[in-house]
Structure formats: structure tokens, C-alpha cells
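These are the structures in question, set out in turn.
What follows is chain A paired twice: with chain B in the first complex and chain C in the second.
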Partner chain A sequence: MSETTTSRLAPWRRSAAGSVGLYSYFVRLAFLKFLAYRLRYYTGVVSYTIFVTGHYYIYSALFASAVADSPDGLVGGLTLPEMITYVAVSWIGRSFYFNNIARELSRQIQEGEIAVLLIKPFHVQTVMMFEAIGESGFRLLMFTLPIMVVIVPLFRIQGPPEPMLYLWTFVSFCLALVIYSQFNFLLGCLAFGMKNIQGVMRAKMVSMDFLTGVVVPFTFFPLWFQHLMDWLPFQYVSYIPVTIYLGKHQGPDLARVLLVQLAWSVALFVAGRFVWQRSVRNVIVQGG
Partner chain B sequence: MDLRTQRGTEGFWPRLIWQGRIFGAYFGQFVKMRLAYRMDFLVDTLAVSFSMAIQLTVLSVLFSKIRALDGWSFEQVLFIYGFSLLPLGLFNLISVNFYGFSDKYIIGGKFDRVLLRPVNTLVQVMFESFNVSGLNEIILGTAVMIYAGMKLNFAFGVGDFLALLVLVPSAALVYTGVFLAITSVSFWHEDRMGLAPPVYNIIRFSRYPLTIYSLPVRVFLTFVLPFAWVAFYPATWFIGGGQLPLVALLTVPVGVVVFSGAVWMWHRGAANYASTGS
Partner chain C sequence: MSEALLQVRGLTRDYRLIKKREGVSGGLIDLVRPRRELLRAVDDVSFEIPAGEMVGYIGANGAGKSTTLKMLTGILTPTSGEVTVGGLVPWRERVQYTRHIGAVFGQRTQLWWDLAVVESFRLLQKIYEVDEQTYQRQMGIFDDLLDIGDYLHQPVRKLSLGQRMRCDLAAALLHRPRVLFLDEPTIGLDVVAKENVRQFLREIRERDGVTIILTTHDIGDIEQLCRRVIIIDKGRVHFDGELEDLRRRVGQKVRLTVDLRDTATSAELAATTGDLPVRWTSGEGRRHQAEFNRSEVPGAEVIKRLVNGAHVLDLSLAEQPIEEVVRDIYRQQGRPTP
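Showing the complex of A and B:
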């Protein structure tokens, strides 16, 4: 097909307002879809409380044992109350930005459902991103808020040093959602080239919380590891928003990390669009 | 008469042998099926090793800040971790059908088919599918245990070997019992809540020395949700821990009691089963 026919036939050449209407519809749709499964999230609240509780005891023991070696009470540059806040805010944030786009997309590619998506007049990537936003909207109300109601009083979690940091932490977690969903999208695209994507999905599942800094803050690691993470997008999913909450980024530094986060969001979106358009040129669906 | 004895429906031991043969047949079938997808096993080995590498990295990063965690050295905690993978591997090998049991067997009506066969329903459900990933956990867990044991200058005697042979299956019985009990609940209530995931998530915290937790948590993990018996208590047989090594051996009765209770629940539930008719 020549270049001109492709662009003439491209059905997404609609007005900007039309696009906004179309894509925001998917936000609503995703919200309602997850609302139907809300019962599952009640036990999720229990799970997240378990994660925070477990890490609370591990880090409390760690700080108690470290007293002999660090008289100032700092381990990895954090005090114990800061550490507990780090754990709590990490998991609270995770309850918001988390989604399963990679698994969903790779399933659709492998089972051939992708064929149906390809004939529809929208960008699959954009739809999935807006669905992720809808899902996170649902999560915020039905999952993140209940978790906060349980965890904040239970562990006496302190607020950030300045009230404005509530806003910046939320902004940062919203950008984290974009980064996380676009990274997942890219990972899901691997299913175009790989017969067995299970291994990749499991590797992602076990490593993501580690790479984003949910499990251990990066200041615990050797310097070379911290420098390496500076060049990768993962820390912008959790470590950066949480350290913003803790007041570790002030003034120009705060603006800088937020801008880098924004740059990663855009870069991963563009990369996703590029990979997608190269991948769908040659899709083989078996049966279906 | 001849047929009845062959089917092993008379007496406890003939029945057990009969069910063992069924297990062998199921496993043989599964291995044949798996061999068709050799790559899957390789991918699984890589995934399990990768997951272990990350968990070991986390442990060593945490221990780079301290000399001992609440008096437990890095090697001791490493040993508990390695040990915990053995019963977990055994459990994972047979428990794969517990996940989504409600969806597949109850709502999907697959349990009708199970009831038609003259073999114990639990044996059928447990052995209808295996998770080879369990083998990887057993192999890698053993490697970690040997490494930590060597670092601890641990003299591994015949008695320790026998203890290992008894403690690992007992701890696996605790895992199986807990999740079997949860699965059995779906005979009465369709599991829409997803009770298993929060319980499953506690496992990762049962690999740390129990002494770091507060008294209520310790009591909970010892008596209510007995995950202290899947790694910490049995591992104290080898690494010590200021208590009598006999506590470790209590894993055996705990495993038997938890598992028997769960089996009893399962059969009560199976008797209560009403097909969805689909």
C-alpha cells in the first residue's frame, strides 16, 4: 500500500475534540470495568497492609541492629521514621500506578485478539494508556484511599515537611503511572517477536518492585548502582515520588526531577508508538 | 472380588498404594506433556534463578548496613531462606490446581468429572497438574543451603540428613494444609474475594528470623497462620537459635495436624458440593 492511500484510509484522522472524546470514553469504561471487580480489592488492602507491616518489622530490626555502627541513627541517609514513611508511601503509591498492561497486551497478541483491535479506528497504545488512567482512577478511590486509611494511623505515618509536597508527590505519582504503563506496553510488545513471553513476564514481576525502589531505597546500595539507576527510568516510578514526599528534593532539584520524569514519560510513549508501528507491519495470527 | 482388591478399595494401605500408582500415572503423563515444551522448563529455570538473585541481592544489601539482624548473621538468615525454598518447591509442585480451583472446578463444573472417578477427589485435583517450577526451587534452595552451611562451618551429620528428610516434607504439609483449607472454603462460598493472595504474601516474611517480629505477630505466625513452621522453626534445628532443637521437630506434628484438618475440611466440602449444571 502506498504512503498516500495509507494516510487517506487512516480512520483516526478525526478532529482533536473527537479524539479527546473517544479516548476519555475509555477512561470511563476502564473505571466501570474495574468497579465490577471491586470485591477483589478488599483482600488487596489486606495484602498491602501485610507488605508494609512485614517491611516495618524488618527495617525496625535493621535500624536497631545498626545503632552500634551509626551513632547518628541514619541508615542509607534515612532515619527510622523516614524509613517507615518510605515503605508506607511506596506501597500506597504502588496501589495507585500499578497495572497489568504487559500481561494483557501479550495475551491479546498471542491469542490473536489483536487482529480485532487492529481494525478499529484508534491507536491501541493510546487506548491502553487511557484505560490505565481509568484503572488508576478506580484504584485511587477504591484501593489507595482504603489502604491509606488503614496504614497511616497504624504506623503513624508523618506528612511531608511542607504541605505543598503533597501536591508534588501526587503529580509525580501521576507521571509514574504514565512511565509504568508505557514501560509495560513496550514489554507487552515483545510478544510480537517471542513465542514464549511467560519468562519475561515473570522476570518483570519479580524485579519491578526492586528496580523501582519499593523494596529497598537506592541509598542503601553502592554508589555505582545509584549512578546506574540515574540513567534508567525505573526510579521515576517509585523512588523519586517517595523521596519527593520525604522532602529530599528541594527547589530547583524538585523541578529538575519532575522534568526528567516528564521527559521519560514522553520518551517511553514515543518509543512505544515507534515499536508498535514497526511490530504491526508483520503480525501473524494463528487461527483465532 | 478380584477387581475390588485390584482397585485397592479395601483397607488403608492397599488404597494408599493404589493412589500412589495413580499419582505415578498422572505424573508420567504430565512429564510427557512437558517434554513437548522443553523451552518452558529452561525459561522457568531462568525466571526462578533471576527471582532468587534479586532476593539474595536485597538480603546482602540490607546486611551491608549491619553485622547481624537482631543477632542473626547473614549466613544464618541465608540458611533459613535456602531451607524455605525446599518445602515451598514441594508445595508448588502439587498445588497448582488450588489456584483458581473455584473458577475451574466449581463454577466451570469440572468437579463433576472428578466425582465420577473411583479415586479420592483430593488426589485427583492435586495430581491433575504439576508445576515444574517447584523442582527449580528445590535445586536452587539446596544450593543456597549448602553455601550458607559451609560458611557457618556446619558439620552435617547423618542425624541432620535424616532431620532434613523429615522436616522438609512436614513443612510442605503446613503449606499444603493452609492452602488446601482456603481452597476448601470455595465449596461453600465461591472465592470472589481472593483469600489466597494475602495469605500467599505472608510467605515472604516467614523467611526472616521470627524474633524480629513483635509478640502478637509471633503468636499469630506460630498458632493462627502457622507459617513460622515452614522455614524458621525447622531451620533452627540446623542453625540453632537459643532454643531447644526439639522445637524444630514439632514441625512434624504441626504439619500432620494442619494437613489432616484441611483434608477433613475438603471432604466435608466435597460432600456439600452441588454442581452448577454447566
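Showing the complex of A and C:
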């Protein structure tokens, strides 16, 4: 064979169809992988229900005592039924977009497993993004839907003011998935430069639900904090999709928040690509 | 002759290490002012490998083998020096380049742990854009040579080490790469599995003309697979040439261990081998050890004299481990060649 005797390597580029085939295969594989561990998620349904129940009673008590001082019946800009809906929808959303890319990536970097990915002709970041999509597809079916079946009737969660907002909320949570995974990817890249990243991971675990607005809506915070959050991507992970559901963004404002969300998704992806390429160039893969 | 497929010139890689001080106060000082030290893992390494050759890249632990391999596969960027493989610079054109190479890193699998083996192969087919016809043909070859057909539908985590290694080899070759990098391909395998792997590598090289570079601790791998060896120690190339040539330089040292029925001294045993060039190195009581060189005296002759002269219960012969071959090369040359 003449191909094997030349001393040149033939130029190669994956075709567009090849890329679609490859990345959709990663979605499929991630789905299958999590399906193998589906038992783990049944306990998740119980724990999420407990979280929401806890918040239900806390906010009921809070509104009962605070509503006397507020003539319009609003606390933190929300009525009690809105508040309960906020809590339920934000946890339902979290069950969909959540993933552990940061921990997984940093583990692979520190144990040197990343070498196996680096000798493959694909972009690790893109692959991880599509794996996250596969994981969330799995979560949607096996985790988010069961939780909705339990929580929505249990707390009599209201629908959005307009039916179209179901769609926009879903779109917004999909963009939240991109933002969340790309932020996680960037965080995971820190493992290239740090010997021990456990502390960072723990700090992230604790602060993430707080910064995204899952734990407490931003309207409860002082104004300066809300202004600060306007300049950061975190609120687009949970606070914005949930307030879209509640009908707090109408018309042009709805278009605006969705576009900003899209911009953050793209920006974080580009930042991820940049940081990844710089890190890999200076990489010291640990161990043999 | 056309230019070599793989060209390495002046390849050097430094690592920056932080040297820890002792004790509590030392630890505190480290926090403020860490002592950094430069370690040269690979030092001015140059060689060329023509297409289709199978080369053993050997050296002791920490000699710089893995670091070199990482640079050749494009995972690591060198501090200085050049590598081109078929006109491509591995770490600069990573995606282009990795399409043409395959690699197996000893204990690290590239198969998807939780999934059936065949899922990994299907994924690799997509990754390398292998058409269905080639895929089927390659899988047929792998099943013939490696018998992987039986456990294609088992999850990777349930395979034995030997089975996994066979799957990993097949996975590295599915896309018919031009260059195959193997880091300790037989580590931890039993004798039969080792032989399978070696047989497979020989056949695949003849069939596809793939260029193979392998690191190993196993002298058997090298003897059976490589005509050419490159020995590296402390980051520098100490020997680059035919295996035969290496043998001629260091000889074929063998270590003999004997167990006797009665206790004896080394001197008594030395008397049995008499004028043969056998060196009794250590031992007292019933167990003794000796070294000799097969190029100077045949093993059978030594054993015959020994059995005639003493009441031997058991004996065993061991080839010189690769670390010692490397050490001998180093000792002979005194200083590394510039």
C-alpha cells in the first residue's frame, strides 16, 4: 500500500455530517451511562421534595409574620403563592440543568486520565458540552418529570400567566444548562494549575445555589447586591428562568433577558475554549 | 530513501518542582517563599524513525520515557526542540495529528468504563470517521487475532486485565493509524496474555505497516518485538541501535540461583564450576547465587558442572533485568555521549 510508505500524514478534517454524528453519539452515550445508574435518581426525587417542603413551611411562616407590615401583601416583591411557585420551579429547573462537570474534569486532570482524551481528534470542551446535554436529557425524563408529578399537585403550583411562557421557560432553562456547564468547565480547568482543587469545589457547591437564586430570590437581597448580580452570569442559571415563568418579564424585556442569556452562553463557551487551549499548552499531566 | 516518518531533534523538557523544606517552620517558609527547582526530564533527545519500524524505547523509572512519549503524542509541549511526524508538529496540530496515531497507556483504559465494549468501538468509529466497511474488516481482524468477539457486549469494568488490554489495543488500531505508541503494553499480564499481545503486534505491523514505538520494562517484549532499541537514562539517549549490537556490548548476563540439600560455602560451589567464568556473588547455607555471561559460557555447561559437583535440589536462571542493562550501558560509557 502506497499510503503506508509515504512519510507524510494526509490532511484530515471531520465533515459537518461527521461532526453531527459524533456529537449526537456523545449525547446518546451520556444518556445510556446515566441510565445504568438510574436507581440513584429515585432517592433524588425524595430529597428534592423534602427541600421544597422545607422551603414551603419557611416561607409560609415568613409571609404570615411579614405580610402585616406590607399593605400590598407582597414580601420581597412576591405574593405567597408566587413565592411557593418560585421555590418549586427553581428546584424543578435545578433537577434538569445540574451536572458535575467541574468535579469530573478536575478529577480527570489530576489523575492524568485527561491524556486519553487529549490523544483523540476532537475538542474536549465540545465533547463535554454534548455529554452534559445527554445527561440533562436523561435527567429530564427520569428525574425532572417524576419530581414535577410529585411537587406540582402537592403544593398546587400555578401555571405561568400565559401558556407561551412554558416554552420560554424551557428555552431559558436550556440556555441555563449551557451557562452552568460552561462555568463548571472553566472551574474544572483550574485543576491544571492547582495541586488540590477540593476546596474550590466545596466552595462552589455551597455558593452556587445561593448565587443562582435557587435558595433565596434576589429580590430579598439589598439593592447593591442585585446590581452586582446583574453583571454576573449566575442569575441566568435559575433566577431569570424562574421569573420568566412567573411572568415578571414581558414583551421586549423577555426578549432582552433571553438574548443576554444567549450572550452569556456564547461568552462562557468562548472563554472555556480560550482557557482550555492555554492550559493544555502548559499542561503537565500527572502520573504515567 | 525518503525522509523518516518521525523526526525528533534536540527535544528537551523541564519540569518546575517545588522543593519542600523540613518541619513546621520550614513549611511556613515554603508558604511565603517556595524553593523552586528545575528538573530536566528529557534532555536534548534526537532520533529518527522510518515508517514501518518497531522501536523499543527503554529506560528505568523516571528516565524520561513517558515524558518523551507524551510529547510525541502531542499531550505535552516541550521546553525546546522539534518533533515532526509526517510533516505535522504533534502539540501544534493536535486534532489533525491525533487522527493518524493510536496510543495505549499501560494501565489507563481509553474505553468507556460503564458501557459495553462495542459502544466504545462504535464511538471510536465516529471519532475517526471510519467507514462501515473498514470498521467491519478491522473488527474481523481483531476478532481473529485477539478473540475479542466473546466479550464485546460486556461492560468494560467486568473485563479482566488481559481482556481489557486486548480491547484497548484493538481500540487504538481501529482507525488504522500510521503510528502506534505503546506505554508498557504488557504490564501486569500473565505469560499467555503477554504472548498474545506480542503476537498481535507482530502481525498487525506486517499487515498494516504501522510504525510502533513502545516503552517497556519487560526484556521479553524487546527481544521478541524490536530490532532497534533506544535507551534513555536521566533524560538522555545512551544507546540507539540494533538490539544485537546492544547484546554484544553488554553481553547476555544471566543470574543463577541454586538451592542445595546441604549447606555449603561460596568457595565450595566455586570449586565445582572451576575454571568457568562464573562469579558467585552471594549466599550462604543452602541458597547461593551466581552470575555468568551466556556469550562466554553456555548455561548447560554451568548447570552440568554444578549438578555433578553438589547435591542440587532446585535451580533457576533469570535474564538480566532491563534496569541493569541500562546501568551497564551507562557504566561502560562512563559519561553520556554528547
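In this text, the second predicted complex is superposed on the first by the 275 of 288 C-alpha atoms of A that agree within 3 Å, B and C clash if a C-alpha of one lies under 4 Å from a C-alpha of the other, contacts with A are read in each partner's own complex, and residues count from 1 in each chain.
Keep in mind that, in the parts below, a residue touches a chain if its C-beta (ideal position, glycine included) is under 8 Å from a C-beta of that chain, and two chains touch if they have at least 3 such contacts.
The model shown is predicted, which means the values in this text are computed figures rather than measured ones.
In the superposition on chain A, A:R14 makes contact with chain C only, while chain B stays out of contact range. In the superposition on chain A, A:D69 contacts chain B only, with no contact to chain C. By the touch criterion stated above, A:L223 is placed in contact with neither chain B nor chain C. In the superposed pair of complexes, A:G112 makes contact with chain C only, with no contact to chain B. Judged by the touch definition given at the top, the superposed model places A:V46 against chain B, while chain C stays out of reach. Shared-chain residue A:I58: touches chain B; no touch with chain C. With both structures placed on the common chain, the touch criterion links A:S207 to chain B but leaves chain C unconnected. Applying the stated contact rule after C-alpha superposition, one finds that A:Y25 touches chain C and leaves chain B untouched. Look at A:G199: by the touch rule set out above, it reaches chain B but stays clear of chain C. Judged by the document's definition of touching, no chain A residue lies at the interface with chain B and also at the interface with chain C.
Of all residues in chain C, only 2-5, 15, 50-52, 66, 70, 73-77, 85-88, 91, 94-101, 103, 105-110, 112, 114-115, 119, 122-123, 126-129, 178, 183-184, 208-210 touch chain A in the complex they form.
By the touch criterion stated above, chain A contacts chain C in their complex at residues 1, 4-15, 18, 21-22, 25-26, 29, 32-33, 36-37, 112-113, 115-116, 118-123, 280-285, 288.
The touching residues of chain B, when paired with chain A in their complex, are 39-40, 43-44, 46-47, 50-51, 54, 57-58, 61-62, 64-71, 192-195, 197-198, 201-202, 204-205, 208, 212-214, 217. Residue ranges of chain A in contact with chain B, taken from their complex: 39-40, 42-44, 46-47, 50-51, 53-54, 57-58, 60-62, 64-66, 68-69, 75-76, 195-196, 198-199, 202-203, 206-207, 210, 215-216, 220-221.
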